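Residue numbering begins at 1 within each chain, and the chains themselves are lettered A, B, C, D and E in the order written.
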Amino acid sequence: MRQHFPRSFDLHILREAETLEIMRHRNRARKSGLPPGTLLHIGDRKVDHAKITRTDYDPEVHECRELDGNKPLIAPAHLEKLSWIEVTGLHDVQLLQGIGDAFGIHSLMLEDIANTDQRPKIDVGDSQVFIVVKMLQLRGDIRTELDIEQVSFILGRGYLLTFQEKDGDVFDSVRQRLRQKGSRLRKHGADYLAYALLDLVVDHYFVVLEGIADQMDDLEASILGEPKPDLTTRIHHLKRTLLQMRKATWPMRDMISSLLRMESPLVSGEMTPFLHDLHDHTLQVVDAIETHRDMLSGLLEVHLSNINNQLGAVMKVLTIIATIFIPLTFVAGVYGMNFDVMPELHWKWGYPIVLLFMFGIAAGLLVYFRIKKWL
Amino acid sequence: MRQHFPRSFDLHILREAETLEIMRHRNRARKSGLPPGTLLHIGDRKVDHAKITRTDYDPEVHECRELDGNKPLIAPAHLEKLSWIEVTGLHDVQLLQGIGDAFGIHSLMLEDIANTDQRPKIDVGDSQVFIVVKMLQLRGDIRTELDIEQVSFILGRGYLLTFQEKDGDVFDSVRQRLRQKGSRLRKHGADYLAYALLDLVVDHYFVVLEGIADQMDDLEASILGEPKPDLTTRIHHLKRTLLQMRKATWPMRDMISSLLRMESPLVSGEMTPFLHDLHDHTLQVVDAIETHRDMLSGLLEVHLSNINNQLGAVMKVLTIIATIFIPLTFVAGVYGMNFDVMPELHWKWGYPIVLLFMFGIAAGLLVYFRIKKWL
Amino acid sequence: MRQHFPRSFDLHILREAETLEIMRHRNRARKSGLPPGTLLHIGDRKVDHAKITRTDYDPEVHECRELDGNKPLIAPAHLEKLSWIEVTGLHDVQLLQGIGDAFGIHSLMLEDIANTDQRPKIDVGDSQVFIVVKMLQLRGDIRTELDIEQVSFILGRGYLLTFQEKDGDVFDSVRQRLRQKGSRLRKHGADYLAYALLDLVVDHYFVVLEGIADQMDDLEASILGEPKPDLTTRIHHLKRTLLQMRKATWPMRDMISSLLRMESPLVSGEMTPFLHDLHDHTLQVVDAIETHRDMLSGLLEVHLSNINNQLGAVMKVLTIIATIFIPLTFVAGVYGMNFDVMPELHWKWGYPIVLLFMFGIAAGLLVYFRIKKWL
Amino acid sequence: MRQHFPRSFDLHILREAETLEIMRHRNRARKSGLPPGTLLHIGDRKVDHAKITRTDYDPEVHECRELDGNKPLIAPAHLEKLSWIEVTGLHDVQLLQGIGDAFGIHSLMLEDIANTDQRPKIDVGDSQVFIVVKMLQLRGDIRTELDIEQVSFILGRGYLLTFQEKDGDVFDSVRQRLRQKGSRLRKHGADYLAYALLDLVVDHYFVVLEGIADQMDDLEASILGEPKPDLTTRIHHLKRTLLQMRKATWPMRDMISSLLRMESPLVSGEMTPFLHDLHDHTLQVVDAIETHRDMLSGLLEVHLSNINNQLGAVMKVLTIIATIFIPLTFVAGVYGMNFDVMPELHWKWGYPIVLLFMFGIAAGLLVYFRIKKWL
Amino acid sequence: MRQHFPRSFDLHILREAETLEIMRHRNRARKSGLPPGTLLHIGDRKVDHAKITRTDYDPEVHECRELDGNKPLIAPAHLEKLSWIEVTGLHDVQLLQGIGDAFGIHSLMLEDIANTDQRPKIDVGDSQVFIVVKMLQLRGDIRTELDIEQVSFILGRGYLLTFQEKDGDVFDSVRQRLRQKGSRLRKHGADYLAYALLDLVVDHYFVVLEGIADQMDDLEASILGEPKPDLTTRIHHLKRTLLQMRKATWPMRDMISSLLRMESPLVSGEMTPFLHDLHDHTLQVVDAIETHRDMLSGLLEVHLSNINNQLGAVMKVLTIIATIFIPLTFVAGVYGMNFDVMPELHWKWGYPIVLLFMFGIAAGLLVYFRIKKWL
């Protein structure tokens, strides 16, 4: 299953190989019908050229270079220091296949890396641990759009491979700490590096959650202040964002539990407290999402009830106005009739009496409405 | 329990046998009262003649022929290569019984095959693994109808039996790959063939899910754009489709877990990563269904709230118009009264003053409504 | 605990015994305060006389007779063939007590048999397995009423006791098959008989479910066709029926799981596939009930939304009509005023101009409403 | 931890002890800040004087006397027969402390006895089993108020202590059966007595449930008959009662499961079927509560929908009446105008023609409404 | 990992250390990107100066002094009595780091202490048990605001460290009991002290719950008395408070279960009944929160239904008034027409007849409405 990549291997050859289909469909559905393990990128093509960045380090040395995708990669057996190999851009399936062959990655894992539609999960093999997580970021002018990117990790003996679709991630602080001589990252193994990256991913969930919480505070202020019908759409948008976030984070609970329970020589026992910490943070995220969802439902209830109360109040006052004038108009109509014999019309004080009478009706209705607490 | 099929066995004889009742009722209910294990097709008769297609293959040879249902079948003991026997059309219970006898299938399994109302499940016997799944397809002009067909698998030593109700399935790509010499399917056993078919079934769930997601996107655009009452019916239809889909896929989670955990000589250890992959995909489908259901509920909420807001807005503006004119009409009514003594009527500027007064009332009410933010 | 029934025992004696109270209250509540194990029928008295039917059979012989409740029963030790003893009518507590003594039934089991308010359950004793299930049937002119009857089974070595409240059950097909020489029932033990009866009970749940599904299809057609307020009551009725059905079937899942897991010499290993099948069917019933409940909730939503839309549509059009005429009436009112100086009244074309003006207002409002999409 | 009560111990001394605070606050909140194990009655003082009733019995002898709280209690070591010691009234904390010392009750158990706010639970100690349950009764003129009283049991070797807040319980039938020589209670140990009392408590839940079911039947009849707005309050009241009942009974499931699983020399193996029976009954109660809650929600839905339909019907008919007359009034207004030139006014048949025209409009609108099915 | 604090260590030095960043951001989000284990206070700075209070005690001696944060702390190895070290104010990260070094606290634990956004949890190390809980208090004029403060415990051999953000806690009664010679606290170890503090925290939840229950009683009285639209906001506020409370207490169930199950030499076996008691109380709190939430949902339903009923009632009566007068006004309008030929106008009794006719219409409509039960 594990076929090491020949040194003189040229990716150009692979590119011409007929058994490999180059397809960049967006929809997972189009993948249906292909044999299992077929490499096919599912997702948007977000970078022009796939990029490989390789960082070799030990406590003394730190070396970072960008590899040309067309040049041979050095297989893990040749690594002397720890290596972090970052792959950005997953549309180049030959490149992926080449890396897969060089590092002996199972074809199903490669398929999962290319397919950015995965659930967060962990697969523990004999010589590799495979982890898929979702990296979340808020984007847009007012940071209301949730950007979900899949990041895959392959942790092997002495190396860590990470795969992401596009430039721009949350890992800069790790890159910076790696450059600092004497930092903890430089002293520990690839497992600690993987942990540090996972920790950043989970930590960034809190950034996203706070962005959402800020929007919810805005929303609550608007709702309690002055109800507007279009708030429903905003609540809906937030609910949807939380739903997507839940889908991305919920399976991470189980994933990190598995990470905690697994016994692999690739992860040293010293990692346990760190992984526990990661687990706690994930639980916190999941809790917070649920609480936010409940609060959003509560907000929606308040909002709908407010809209309804507002409409009810408008209708009530308007109907009261109408109701008061309807009997008065009737009275005016009566004395507008043209009967020959209508004695009131000829009374000297008829007109003022009728006006007073009308005023009395209006006042009586108002008093009645007030007693009934309808006003 | 396992009685092998005599070579000279003639299905005509079986057809005359009195112990076998030929009933093709649609309703499962009519089955009630029959002894357990009675063969009775439950479902629609969707093909005219039951059809048996037999594919024998090994890495070198590939042979596919259609068997005449009336000719003797060759029992599994006579198989030298791997055989995939596809049975299409389940209404012919004698045929089923014949196959059952030839391959030593337990009567309860045969009953479950004929009864297309089954829950997805797995039964592990000593020499056979029995799997029932649901194959989903969208049909109709705009692909909104969910077509659910039951597919049963019997995996034995060296052979795989599949049973489906009608022509037209999602297995064409496997048939094509089987014909390619050197494909992985040709090199592996019947367990890999079964896996490949199951994988296609699950993969096609994603096709269905994307069809549903497309409809939901349409729906959301309509709802956020311009609310129409009949959208409720469309939401209801989608909800129902998701409900059916959930019913068909939910038990597959447990089924594939069992498949993973079972220890059967019929499934080689090499299958484990593939089955894990299948399990992951099933979880993804189940997750996606739940997320879609939640989103649909959210859409319904938004839709109902929109409809309500729209009605409220209409009512409010209309009531405001009415309210403004009611006091004016009253005033006109007053000066239409026929009292002898109504001094205002004889004033030179009475008419313009009253008109101005009316205009003042209308303007005042409009200002009041605007201050109250009812306009 | 197990006191065998003396041969010369006369039930008359038991009937005079003072320690046994004859009470036939309907309400379980009245039972409160009696010592545990007190025999007291809870339920309606549905037959005039309790009836005992005894069927003795082996592969060769089949003998069925109705026992006179006053004659001594033959205790299980004396049975040579397999015996199925059916007791119909539970109000006769002495009879129950007599049977209980004859077969050594624990007093709490007897109490559960008489109390038709039980949850489905299984109790595995050393020499007896006690099973309580609910038999469901639809009755009424249009088969909309759910009839729930408790059936209790006591499976012992060589005999099966069944207890039901009234005549009329779903077991006729078993009785018929028992009479057929050579049928599987005749060849197997009492455990197979118990299974066959349980299977009929569960199979009949599908009949009930299809009756409910038919009613739901009717309902859906009505709702999508033309909303009528009284459909709410029908939905409520169906919901209630499903609730009762769920209450009756939900505990059967656990019950049949226990049956599967239990190890009792009374149930042979050959039964396992049959019990698995029964378990699958029960899961299917429970699934279907939940799906039906969800669909019913969806129907209710659609229905309420339809009713609301319909009312909204009515109100909107009516209000529009009113709104158009209110300004017109105001204009007519103005020219009905009796001011001395109203120059328009004396214009030659005053009247037609005003009519045209009114027509213009009405047309303008209609156009405005149409632009605003309120019409 | 277990300090036996000296024979000559005088409760008066204890009463003067300064370390014991006599506080009878109602609120549990006030207890916050006291050391754990502080005896403090939380609940209403429902009897004037705490009362101790002691019943000693064996198969031959039955002796029941009321102990003077000020006289020394006899410690369990001195008991020769089985003793049931009933304590009524928990406000007298010295008395409780005295009993606690005499029987070696852990201070936390004593605290739980005095604090009537406990969850039902079981604590199994070396020489004592401590059980807390809730005794439910319906009170009020129409038996709609739920009365929840905490009853605590301490089962020791040869004695059973029960603690309740006030007179009036559901245990009279046990007291009566204890007096009957030869009854099963007299022959069994204290564990059977405890079971018999627990059974009565659980049995009485059914009485309460039937009271609630009766109210629900009333409610349903009212709702389906004629909707009145105040039914909402009644539904709310019932919901609340069920919520309280659920809170009281839900933890009993786990409690009785623990009772079943525990292995204590204080409970003989013969009790197992009885405890199983108790467990079944508790499950039944919990099931029934959930079903009742679901039915109540269904009723509320029907009720709200009815109220809404009724209001909608009223509004619709009234609006229709208004709509018919508004155009007519407009026409009348037109011919009430005072233009000099209005030829119709001078036609001979003008008046009847207009009346006919009006009638035509009204009839046309009615026909239109009927066609549109708004009437 | 455990580096003991040098005696001559000066915190001033630490304060100048460049590796430690002093940041007092409120948002957890800003922490994202820092290496794991970075000390950074997340929360509000609530005290001006961090304060350390140290209480040394044994059964004989009790000594309490406030430590100057700049003076060296005495490391645990030097403790002879039991020490309770309270740290108030978490913004001073150097101080925290100093304590962490002195007591050998893992950097991740220190991070969790400083980050007041934690979930309640327990971490059991070899020589320390780390517990995080939430202390809840109601504040505000009418005690409606929930104040959540994180309290962390570190239980070591012979010492207990507690960390809180600000002055004012629920621990005064423990401080007082510690001063009393002979109290149980003085006789037991640090584990009992930790338990006593946890018990106070949980006990105070009941105080909060009763505050909430009081508000709910108020609310219910208002709702059942007289519905006002603004009650929705109050219900929303209470729901939110319960949601926060649930988030704070829910994880404590698992936390205290872990505490019960863990086997640590730091917690003596004598603690078991006390911890069980704590567990029971936590379950009670969680139950009560759920029940309160359900009751609140019920109240909201009743409230919305009341508001709706009230509005419906108002609209109905008003519309009825309007409807009665509309036909009357029409009649008046008819006799206000100016046709030359209108014989009724010239009848002697025309006017009174029309008035009577109008009265008849009004009475008829009223009677009709009453028959239809709309009044």
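Annotations
In the analysis below, contacts are C-beta pairs under 8 Å (C-beta built on N, C-alpha and C of every residue); 3 or more make two chains touch, one makes a residue touch a chain.
Given the structure is predicted, the values throughout are model-derived calculations rather than measurements.
In terms of their C-alpha centroids, the spacing between subunit B and subunit E amounts to 44 Å.
Centre-to-centre, using mean CA coordinates, subunit B is 27 Å away from subunit C. Looking at subunit C, one finds that residues 308, 315, 319, 322, 326, 329, 333, 336-338, 342 touch two or more other chains.
Taken as a contact graph, with one node per protein chain and an edge wherever two chains touch, the assembly forms a single closed ring in which every chain touches exactly two others. Ring order of the chains (start subunit B, then subunit C) is B, C, D, E, A. By the touch criterion given at the top, residues 170, 172-173, 177, 183-185, 195-196, 199-200, 203-204, 206-207, 210-211, 224, 273-274, 276-277, 280, 283-284, 287-288, 291, 294-295, 298-299, 301-302, 305-306, 308-309, 312-313, 315-316, 319-320, 322-323, 326-327, 329-330, 333-334, 336-342, 372-374 of subunit D touch subunit C in their complex. Against subunit D, the residues of subunit C that register as touching in their complex are 27-29, 31-37, 106, 108, 111-112, 117-119, 121, 123, 226, 229, 232-233, 236, 239-240, 243-244, 246-247, 250-251, 300, 304, 307-308, 311, 314-315, 318-319, 321-322, 325-326, 328-329, 332-333, 335-338, 342, 344-351, 354-355, 358.
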